Every structure is written in structure tokens, then in C-alpha cells.
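Two complexes follow with chain A in common, the first pairing it with chain B and the second with chain C.
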Partner chain A sequence: MNLLLVDDEADLVSALAERLSLRGIEADFATDGDAAADKVRARAYDVAVLDMKMPGLSGLDLKQKLQRLRPGLRFIFMTGHGSEEDFRAGSSEAAGYLVKPVRIEDLIAAVNQALAAGPG
Partner chain B sequence: MPRSDDLLFFGKVSAQVSHELKNILTIINEQAGLLADRTGRGLPLDPERLAMAVACLQRQVQRGDRLLAGFNRFAHAADLPRREVSLAEAAALAATLGARRAALARVALSAAAGDDARVVSDPFLLCRLLMACLERALDAPDDGRAVTVGAATGPGGPALVLTGLSPGAAPGQDEAALAETLGTRLILADGRLAIVWPGPA
Partner chain C sequence: MGLFDRLRPAFWNGAVKGGPYRSLFNYRRLWRLSVALLAAVSVTPLCIMTVIDYGVTKRAVTQENLHRTAITTSNTRRTLSYFLDERLAALNFAAREESYAALARPERLAGLLADLKAAFGGFMDLGVIDDAGRQAAYVGPYDLLGIDYSSQEWFKRTVESGYCISDVFLGFRNVPHLVVSVRANRPEGGFFVLRAAVDTQRINDILAGLDLSGSGDAFLVNHAGILQTMSRSHGSVLERLALPVPARAERTEVYGTGDGENSLIIGYAYLEGTPLVLMVVKRQAELMQPWYALRLDLVGFLGGSVLAILVVILGVATFMVEKIFVADQTRVTTLHQMEHTNRMASIGRLAAGVAHEINNPLAVINEQAGLLKDLAVLAKAPPPPERLSGIVDTILASVERAGAITKRLLSFARHQDVHIEPVNVGKAAGEVLGFLAKEAEYRRIAVAVEAPDDLPAIESDRGKIQQILLNLVNNAFQAMDDGGRLVLRVFAPDPDCVAISVADNGCGIPAADVKRIFEPFFSTKKKKGGTGLGLSITYGLVQELGGDLAVESELGKGSTFTVTLPLVKGAACEPSARG
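Up next, the complex of A and B:
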């Protein structure tokens, strides 16, 4: 399983990627939409985990961009906001919607659910 | 000024701060989780990696402390409807509260050093006006800019000055109404917006 983690907080995604690798899950990370798009062009990921609010492209906009690059890529949103508006938008647009701080077991469960649901 | 606008503003700032705090807690959670993962699995934790994790945790604690100190000042701005206000402190508070919003707009926001001036004003409304002007400055489409906010004194009177504004960052009706309520003038020229109090400092 290959994951791409996208969040502008580098200290977050680097630690999360390392924690996932300790569990046998390969995870790359990017801290902005352009870098994420470059990675998706270069590699076929199974799931992309996106922050909802990032500099430049929002999570929702980035999802559309990555989906055009890799149809079938599944998405999970992660947010610190937890507003009703974000929840409606995020949960309708992705296979999973998690509120920070996220328990790693919950993230892995959401990833497995997204994979079980089939291509996005 | 309708109180509902004040409440909306308070809610908006609170939501931004809580979002930022969630990010800080998330980073602390992941760094602590990483250390727990490694020690729990009996994996080696080399001193360099441990020092990196400690430095990260300290950075996040300092970031949270700065944010909460600013949020506390903001919350107390509503204590009294009129009191003496340091314009340099008002500028520093706006820079702290606007930091995340600026990062999202890819704008480098900072408080500019300048001559402080003290005015008697409504601190909460002043914060609303300053943040509304800042919002305009950050809304402009050209990212990669630097915006500063600072206090200034001059022959026109004490002022709060925002620099680095785009041509489209002109104040709107809300800002004009707030400025009038506070007895100030808004002067926009050459990418610089000044909130000016009458009389010399």
C-alpha cells in the first residue's frame, strides 16, 4: 500500500510518514499542492491523505487536481477545523474525513476502508 | 455598530486560533507517537533523532504559547469599551492573529518596528478594523508578498500603518464605517494603508 500525505505542517507529515513506515505502510509526503502533484505524476499512490486548509490550493481543489492526474486515486481529508461546512464538503468528497489530532489506528482504518471501497 | 458583527468577528478569530492549536497538538501528538512507537518496538533511538524530536516539541510549545498569549490579549480587548491603547501592541497582536491566514495566502506578515503611540480608543473595535484591513491586504491575489503592520507617528497624528498592499486592497464600506466609529481616517496611497487618529501624537 502506497500513501501520499499532504499537509503544510512538515513536522506533522514527516513524523506521520515515519510512524506509518514502522507499521509496514509506505508513505511519502508533500507540504504543498505543487509538490503533491509532482509526486502523483511520478508514482501511482493508492490513497492520498489531504489537509483541508493549505497555502495555495485548498484540500478540495487539490483533490480535483490529483484526481485528474490519477483517476481512481482514493482520498481522505484531515482537518483541524471541524466546522460543519468543512465536514459536509470533506465527507461528501472523500472516502474518509478525520479531525486532528488523529489516532494512527483511526487513520489506518480509514485507509483500509477507502481501499476496500474500490477506486475513487 | 450591531453587536452581531462583533460576535461574528470574535467567533472567526476564535475558530482560526483553535484551528492553529489543533495543528500544534497534532504535531506534538505525532512526534510523541513516533518516540513511543520506536521505544515500544525496542528500536534504537539515536541521539540526533531524539534531539530533532525534542527541538520540534519545543518549537510547537513556543508557537502555542505565542498564539495563546495573543488570543488572551484579544479576549481582554473586549473588557472595556474605551481605554488607552498602545498602537505598537495593537499591531503586534494583529500580526499574531493574522499569521495563519497570511501563511495560507502565502504572504509574509510581520509587525514593523516603529514609533509607538498611545491613543484612547475602543480596543476591540480597533482590533476589528485592523484585522479587516489586514484581511483585504491578504485577499489580494498576488502571493509571495510581504505585508507589515506597525505603529507610526507623524504630523498628521498617530497612526497604524499597513504596507505591501496590492492595488485591489482598498478598504471597503465595513472598514470605513468602523474607522468612522473610532474617529479615525483611512488613507490609502502607494500600497500603504494608514489608520490615522486626529492631531499630532
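Up next, the complex of A and C:
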């Protein structure tokens, strides 16, 4: 299982990636849209976990971009905002929608659910 | 408690409630002004009308008095002229009807006198004088037979002009009398004069019978100013009249003389063909009696009216100012509540953004702490101490980040009451932008603050300035699409002021709306949930700080709102200063 974590908070994604690897889940991370796109081009990930709000490219826009690069990639959104608007967009566009701060167990459960649901 | 204290309206001492709008108006001044204005516009015309009416009525009464005097004088002149002419005509008739010889006979002359007395009356005696001036025949109460009249004035005039009406004189009989005489030619040549003394009592009766008000006086004088008849208050017969004899006039004349208590109205007429002048003298003061009564009524009416008007004006002005005062007080309270609501709404709006902002460091803490635990529980080898210390440092940095956000929010919410302190406008702008930095970042809005360091701090209310800027910046954000540009510029338009302009490159405001944007409940964002109170409240806040809020906008190009604030609250500031 390969995960890509994208969030502008480097301290968050790096720690999360390490925690996931400690649990045997291989996770890469990127802190902006361009780096994420590069990584997606280079490697086939099963699930991408995206922050909804990032400077420049928003989570939704990034999702479109990554989907074009690798159709079949599954997405989970993470957000610190939790607004109604965000929730509607995030939950309809992605396999999972999580509000920060996220418990790692919830994230793993969401990833597993996304994988079980099949390609997005 | 004095009477005034009980009557004193509520607005007299200004607002009871405190608050920033306390001195909205000076109600006492408003009240004074309205009382003065109302009194001026209602009492002045009344006074002017009264003065005009006073003058007109006085003139009318005076004219009426002059007119009445003229009529009395004229009528009396006619009566007297007729009386004398009638006597003269009768004498003339007798002199032509009878021969000198017949008249020279005392019996015939006595008969004639008896006839004249019976037919006309007013004759006292009758005499026939020959052309030498000697009285040839006489009937009457005096012994005047044979007296030589050739040197008498009246005889000379009779001889000269055929008749004479003399003035009153003593003559040979030494009794004041008036003579009427005619000259008649004798068929055999020469002439004789028929002369009669007229009973002056008849003239006195005519004059006494006049209806003259009060101490009015009517009498005859001759051209030399010697009284010819009795007068009530201007002397006796043959005494000199104290008043000057009026100048000769063809018709009846009237004039006023003297002033004050002693002023007189004098009517006079020269009796044609006689040396006599009729004078009617009345006292002005007596004639003006009705006028004095009228004047009292007039002044009384004026005083009463003015009093009534003043009472009504005082009542109405007090009532109206009281109503305005109550309405203003309600408005002040509402404004205050509105401002508070706006503030709370701002905080509410901020809360969503703030929650997101706090969530980010919390999420970092969450992951870092989780990692710490994972390293302890799941890692095969214990992590080196530097690694642990690095993780803790990251956690502490995130805590500090979250703390800064909550502190900022608290500092904004705390400023409820007016608190004047030195405020650096550039710094305040930075604080406000702190709330919106993330939103700007996400929406790729470039925010620039141009605040020179050398600008002075202003004495003002930090909370209100924050609120003003937050409202303006929020508005700018709403006006702009993603990727817009916002420039906040702090500058000093003049040495007494500091201004800050908030310029966006958003949608702009239609020219027709620019004038109305500060009106309460005017909103261009009604559909998007705008209340239409934001700018109105912002405007109110700026006014409250003694400043000015100006706007320049171009549709499609953006808007610039400029807040100009005085260095010291309450000081004057050029309101036209623009960014």
C-alpha cells in the first residue's frame, strides 16, 4: 500500500508519514501541489491524502490535476476548516473526508475503506 | 425642589445615559434657538402690524379732528356771513325804499327800526347820517343825535364803497358794538348813510350754540388780533388775542399748533367783506381722548397676544425638543447595540477562519505528539535525544503559534468600552490583517502595507480603529476575486492627521451607489447575506473618533476607502484629505 500525503505544513506531513511507516504503511509526502504532481508522475500511489486549503492550488484543484496524471488514484481530504461548503465538496469528490486534527487510526481506517471501495 | 426644577424638561441637562454618542446635540441650544426663531417670526410681524396700525389710527383720528374742526368753522362762517349780509341787505333795501326826508323823521325811523326788529331781529338802533357826517336822525337807547361821524373809519368806508360792516368798537356810546351801514344817493343830489348797530349778543349766541367738545372755543377777532366776541379761554371782548392771527385765506383753513398737553387745533375763516376772522380753537388733548382709549386697547391686545404666543411657543418648542431628545436617546441606544452586534458578527465571521488557523498548529501538535508516542512504543530502537528534543521544539512552536492566534482574537474582542490610548495606525492595520492572512494566502490575494515608521501615533480608541479596518478589509476581500491585490497605506495628509487608505482592485461600486453606501441598510450584497450595516457602522465609528471616511471607486477597477483621523481625538481635521 502506497500513500501520498500533501499538506503545506511540513511538520505535520513528515510526522504523519513517519508514523504511518512505523505502522508498516509506506507513505511519501509533499508540501505543495507541484511536488505532489512530480511524485505522482514518478510513482503509482494507491491513495492520496490532500489538505483542502493550501496556498496557491487548493485541494480540489490538486485532486483534478493528480487524477488526470493517474486515473484510478483514490483520494482522502483533510481539512482544518470544516465548513459546510468544504464538507460537501470534499465528501462528494473523495473517498474520505477528515477534519484535523486527525487520529491516526481514523486515517488508516479511511485509507482501508478507500482501498476496499475500489479505484476512484 | 424649585418650580423651575419641576418644570425643567428632561433634555435640559443633556443625555442621561453615557456612551460615545452622548453629546449628539446640544438640546438646550436647540431649544433656545427654536424658541427665539419661533418668537421672532410670530411676534415681530405682530409688533410691526401694531405699530403700523397705531400710526394709521392715530393719523386717522387726527385727520378726523381736523376735518370736523374745518366743517364746524366752515358752517359757522356761513352762518355768520349770512347773518351780517342779511342785516346789510335789509338796511340797503330800507335806504333805497325810503326817502331821506322820510327817514330823517324820527317817527318813520322808529317805525322802520320796529319793522326791522320784527322782520329780521338783531338790530339795536338806527341812525341817518347826512353827507357831512352828522347824525340827522336816531332811534335807539343812546343819545347820539347830532354827533359828527365824519372822522369815523366806518363812515369813510361807507362813503367810499357804498356799505360797511365794521369790527366791534366802543364808539361814542362807549359800549362794544358792531355797525352795519349803507350809503344811499338822494335824488336831489348828495347822499345819506343809513346805519344800524347790530346786536353782538346774536353773534355770541350763534358762537355759543356751536357743539364744541370739551373746552373748545369759537370767537371772532379782527385783522389786528383784537377779540370781537367773548371767548372761553382766550380773553374777553376787545382784548388782544394771545394767539397770532392766521394769515389771510380765501377758504376755511385748519392747522395744529404747539405740542404736548397744550397743543391746539385751530380752524379759521376770514368773513368776506368784513374785518372779522372766525376762529375755532380746540384742545388736541381733548379731541384725542377716544384715541387714548383705543391706544390702551391696542397695547393691551398686543401684550396679551405676545404673552399667549410665547406661552404656546415655549410649550411647543419644549414638546418638540423633548421628542427629538427621546428619539435621539433611542437612536443612540440602537446605534450602540448595532455597533456591538456588528462587532460580534465580525468576531463570528472571524471565528471560522480562526478555528481553521488554530486547527493547523493543533494538527501539527497532534502528529508530533503521536510520533513521540509511536517512537516510544513502535520503534525498534529508542530514538536519539536530539530527535526527541526536535519533536518537542516543534510542538512548542505550534503551541506558540496557536497562542498568538487566540491572543489576537482576545485582544479584538476585549475592546468593548471606549479607551483612548496612543495608537499606531500601521500596527493596528497589521493586527487586523493577521486575522485575514490565511484567507489572503488561500485566495492568493496580495496584501501590502505601506506604513512609514516616522508617522506619529494618534490618541484614539484602538478597538474602534481595529473594527473600522476589519470592516473595510473584509469588504475589500468580498469585493475581490481570488488573486486580487489589497494595499493599505498609512500617511499624514496634514500635520494634525493620520490617514489610512484601504485600496482593492475588486469589482468597484457603481457611481449611483457611491453616495448611498454609508446609508444604513443599503447593501449591494443583500443576496449574499449583507445586512447593509457594515459601512454605515464603520462611518459612525469614524465619526465618533472625530475623523472622516471617504471613498473613491471605479466600477470594475476597485475602490479606495480612506479613513482620516485626527492626532488628538476631538481636534479638527481637514475632511477633504484623500489618499
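Convention: the second predicted complex is superposed on the first by the 120 of 120 C-alpha atoms of A that agree within 3 Å, B and C clash if a C-alpha of one lies under 4 Å from a C-alpha of the other, contacts with A are read in each partner's own complex, and residues count from 1 in each chain.
In this text, contacts are C-beta pairs under 8 Å (C-beta built on N, C-alpha and C of every residue); 3 or more make two chains touch, one makes a residue touch a chain.
Please read all numbers here as calculations on a predicted model, not as lab measurements.
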Exercise for the section: Please tell me, clash or fit, for chain B and chain C sharing chain A in the overlay. Expected result: clash
Practice task
Please indicate which partner A:L5 is in contact with in the superposed arrangement: first for chain B, second for chain C, both, or neither.
Solution key: neither
Practice task
Would you sort A:G80 into first (chain B), second (chain C), both or neither based on which partner it touches?
Solution key: both
Exercise for the section: Please indicate which partner A:K100 is in contact with in the superposed arrangement: first for chain B, second for chain C, both, or neither. Expected result: both
Practice task
Pick one for A:V47: touches chain B only (first), chain C only (second), both, or neither.
Solution key: neither
Handout entry: Overlap of the chain B and chain C footprints on chain A, listed as residue numbers
Key = 9, 11-12, 15-16, 18-19, 22, 53-56, 80-83, 99-102, 104
Problem - Residue ranges of chain A in contact with chain B within the complex - result: 8-9, 11-12, 15-16, 18-19, 22, 53-56, 80-83, 99-102, 104
Exercise for the section: Spell out the residues on chain B that touch chain A in their complex, using ranges where they run on. Expected result: 15, 18-23, 25-27, 29-31, 33-34, 37-38, 41, 43, 56, 59-60, 103-106, 143
Handout entry: Contact footprint of chain C on chain A as seen in their complex
Key = 9, 11-12, 15-16, 18-19, 22-23, 53-56, 58, 78-83, 99-102, 104
Handout entry: Interface residues, chain C side, partner chain A - complex
Key = 352, 355-357, 359-360, 362-368, 370-371, 374-375, 378-379, 391, 394, 398, 438, 441-442, 444
